[in-house]
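Shared between the two complexes below is chain A, which has chain B as its partner in the first and chain C in the second.
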Partner chain A sequence: MGSRPLKRILLVEDDPDIQMVTSMTLGSFGGYTVQACSSALQAIECAAAFAPDLILLDMMMPGGKDGMYTLKALREIPQTASTPVILLTAKVQPSDVVRYKDLDSLALIRKPFEPTALVDTIQGIWTRYSAQAH
Partner chain B sequence: MPRLTESQRAQLESLRRSYGSELPAKLRHIAGAVDVLQADGWEAGNLQSLYDLIHRLAGSAAVYGFHGISRAAADLETWALDALASGISPCQRLELLALARALSDASAASGTGTVEGRRNSLPARASRGARPSAR
Partner chain C sequence: MRVALQELTEQYSAALREYCTEGGEASLLRGYQLGRRAVAAGLGVLEMSTLHQEALVEALLEMLARDGSAHIATRASEFFAECLAPFELTRCSIQEAHAAMCDDNRGLKQRLSAALSDFVGAQDELLEEKRLSNLKTDFISVISHEVRTPLTSIHGALNLLLIGLGGEFNPKGQRLMDVAYRNSRRLMRFVNDVLELQRMELGTMTLDMRPCELQSLLEQSVEASQAYASQLGIRLVLKQVPAGVRVRVDADRTMQVMANLLSNAIKFSPTGETVSVEASRHGSVVRVAVIDHGPGVPQAFRSRIFQKFSQAERSSEREGSGLGLSITKAIVEQLGGRVGFESEVGCTTFYFDFLEWGPQPASLNKEEDTWAADR
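Our next item is the complex of A and B:
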């Protein structure tokens, strides 16, 4: 999987303002095909059909269906069972980092992030992942 | 920072302007949540609502380059987290007003205007004539 170029990104982000600028940056600046979802349920509904190369997942989402819940559910779907994940979070307390390390993610991007640097950041993470996978 | 094309720069600036135009409404919403919290006996559900609004503002304002507003919102977010964890002491009630005022000041400094709730709880420093009534 790592040798594949990064083309399709599933963005799961409940904040519409952050979702908008992130989608625009990844799509327009990075040239990726982005499917943006505002909730765990939306992500679960579109994951199989979209079949992303990478999932960009906000960890703090309301209603008890946070990033942990979403990731667990996405792992139950064959098309996203082993899809690499990058976590987005404003919470970076040591205890959170320990919890997130157990989630088998590629990396954690701290919010707020600089939108103009996001494409380079994600491409760098993907390149390292690809190199390690082979 | 990566080099952007003129078109990309214009796209980002357009989004930033759009976000900036919505900031006064977001801040009014927060001022309203502060008012409700004060008026309804500092109830936990209202505190959670205020936290949710502030958390979003702290994150999104920074992403769009409104760093002063984001920092002031982050201070208010920290206050709300502490209050959710430990309850609200009388001292914290006064602190809330100061933090909310700082958010309003940051908004005024960014050119997005000052914020006034129903109870005028978030006056900018320049217009402190009518101070909020701390409960």
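Our next item is the complex of A and C:
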């Protein structure tokens, strides 16, 4: 079976500016359907209804409900139990990256990223993932 | 010991009796010598005086009939005093030794306390150094997050505007957009460079070392910089590479080294010039050289060219963080190679050397010798 096309992306990002730029990049430039959420709770709320193909998840979010928390919660929702996840982070200290390595994710994208390159990167990761998965 | 004591007692009695009856220096001298033997045998003054008493009683019992007791008592005291002299001498020398020891102790104490305060000072320095180092790491962490986050939106927004998401700009607007975008990219590169260098300094960079074909590595590197070169009107060529040469390196990191050296060479070349890449073999050392025909490295700048944040001149045209070459050097050294340059007006060569990777482990030692001699 050939690779399934990537259509629906759930973006979880608490910084409103980054959220807007990223969702415009993915939506207007990449042509994906994007659901943007600003918090873990919001993501958990709309995960089931949106049923994303891919989740872009910011690791640093306030209030103790960070990326790790969100990822764990999303895994308990049937619609996102095995949805591939790409982590976003501005923290790229070795100690942080090591922690992220153990998480159930496809890749780690570091901020700042070039929006136009982001689409290529995500598409590349998706292509490799879906070729492996099928 | 007991035999010695017995003998000592007998000799003492004899000498004491002799002195009591006849007097004379000779028997007194024997008393003194007996005293020294007693000291040497480890006898104390109390034991000595017991020995004296016993000998005296014996002598008195034997001699009382013939002589006056007062005379015998005086003589016996004199003799005893003489034989106690060595004890007194010993006591004095012990006191002297003790005093000397006290002096030594004081000296030692002083030296110890000096050493201790040195140690405490060194420890303070170390703590201060550690504090500064932590401060630096914390500071870089702050840069990492607090600068990268806003930069993500700024750079992203500019990028989207530039690709036309906000509609067309008039020529002036377009120029301003270019300036903004170029400089946000410059800031982004700087932040990434600082973090990269920190990773290398902390030794947390992971390397994927494997034997690589030099030819293909260099082809890919040149290919990757081709766009930047043609943008500045520079011809970029890969010259001779010795056939079949392999080096054991991390390919991505080596490409990064090449990208840095090529970008420098291109940046400093006059438009229309050529930047060339060539590789050569010197014994078991493989040298990769990037050659440009720019103005050369200024004399005053040569000694600090690989240092952090160093640039020969600040110029917006030649944008850069001043970290490129120090990153290059750090990478090459982590890969087990070395980096260097030769420069004159019109011809500058930056090079890095690696050991050729050979399949036969027997030649490894020889290679190391060549390497050491070549250094």
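Criterion: the second predicted complex is superposed on the first by the 130 of 134 C-alpha atoms of A that agree within 3 Å, B and C clash if a C-alpha of one lies under 4 Å from a C-alpha of the other, contacts with A are read in each partner's own complex, and residues count from 1 in each chain.
The rule is short, and it goes like this: contacts are C-beta pairs under 8 Å (C-beta built on N, C-alpha and C of every residue); 3 or more make two chains touch, one makes a residue touch a chain.
Because the structure is predicted, anything quoted here is derived from the model rather than measured.
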Overlay done on chain A, so just call it for chain B and chain C: clash or fit.
-> clash
Is A:68 touching the first partner chain B, the second partner chain C, both, or neither of them?
-> neither
First (chain B), second (chain C), both or neither touched by A:77 = neither
Kindly classify A:51 by the partners it touches after superposition: chain B alone (first), chain C alone (second), both, or neither?
-> neither
Using the touch definition from the top, say if A:106 reaches chain B (first), chain C (second), both or neither.
-> neither
Examine A:120 and indicate which partner it touches, taking first as chain B and second as chain C; both and neither are also allowed.
-> first
Going by the overlay, flag which of 56-64, 92-100, 110-118 or 164-172 in chain C ends up clashing with chain B.
-> 164-172
Dual-contact residues of chain A (chain B, chain C) 15, 17-18, 20-21, 24-25, 28-29, 60, 90, 111-116
Would you tell me which residues of chain A are touching chain B in their complex?
-> 15, 17-18, 20-21, 24-25, 28-29, 60, 62, 90, 111-117, 119-120
Given the complex, residues on chain C that touch chain A span 140-141, 144-145, 148-153, 155-157, 159-160, 163, 165, 188, 191, 195, 199, 202, 204
Within the complex, which stretch of chain B touches chain A?
-> 1-2, 4, 8, 11-12, 15, 19, 22, 52, 55-56, 58-64, 70
What does chain A use to touch chain C in their complex?
-> 15, 17-18, 20-22, 24-25, 28-29, 60, 90-94, 110-116
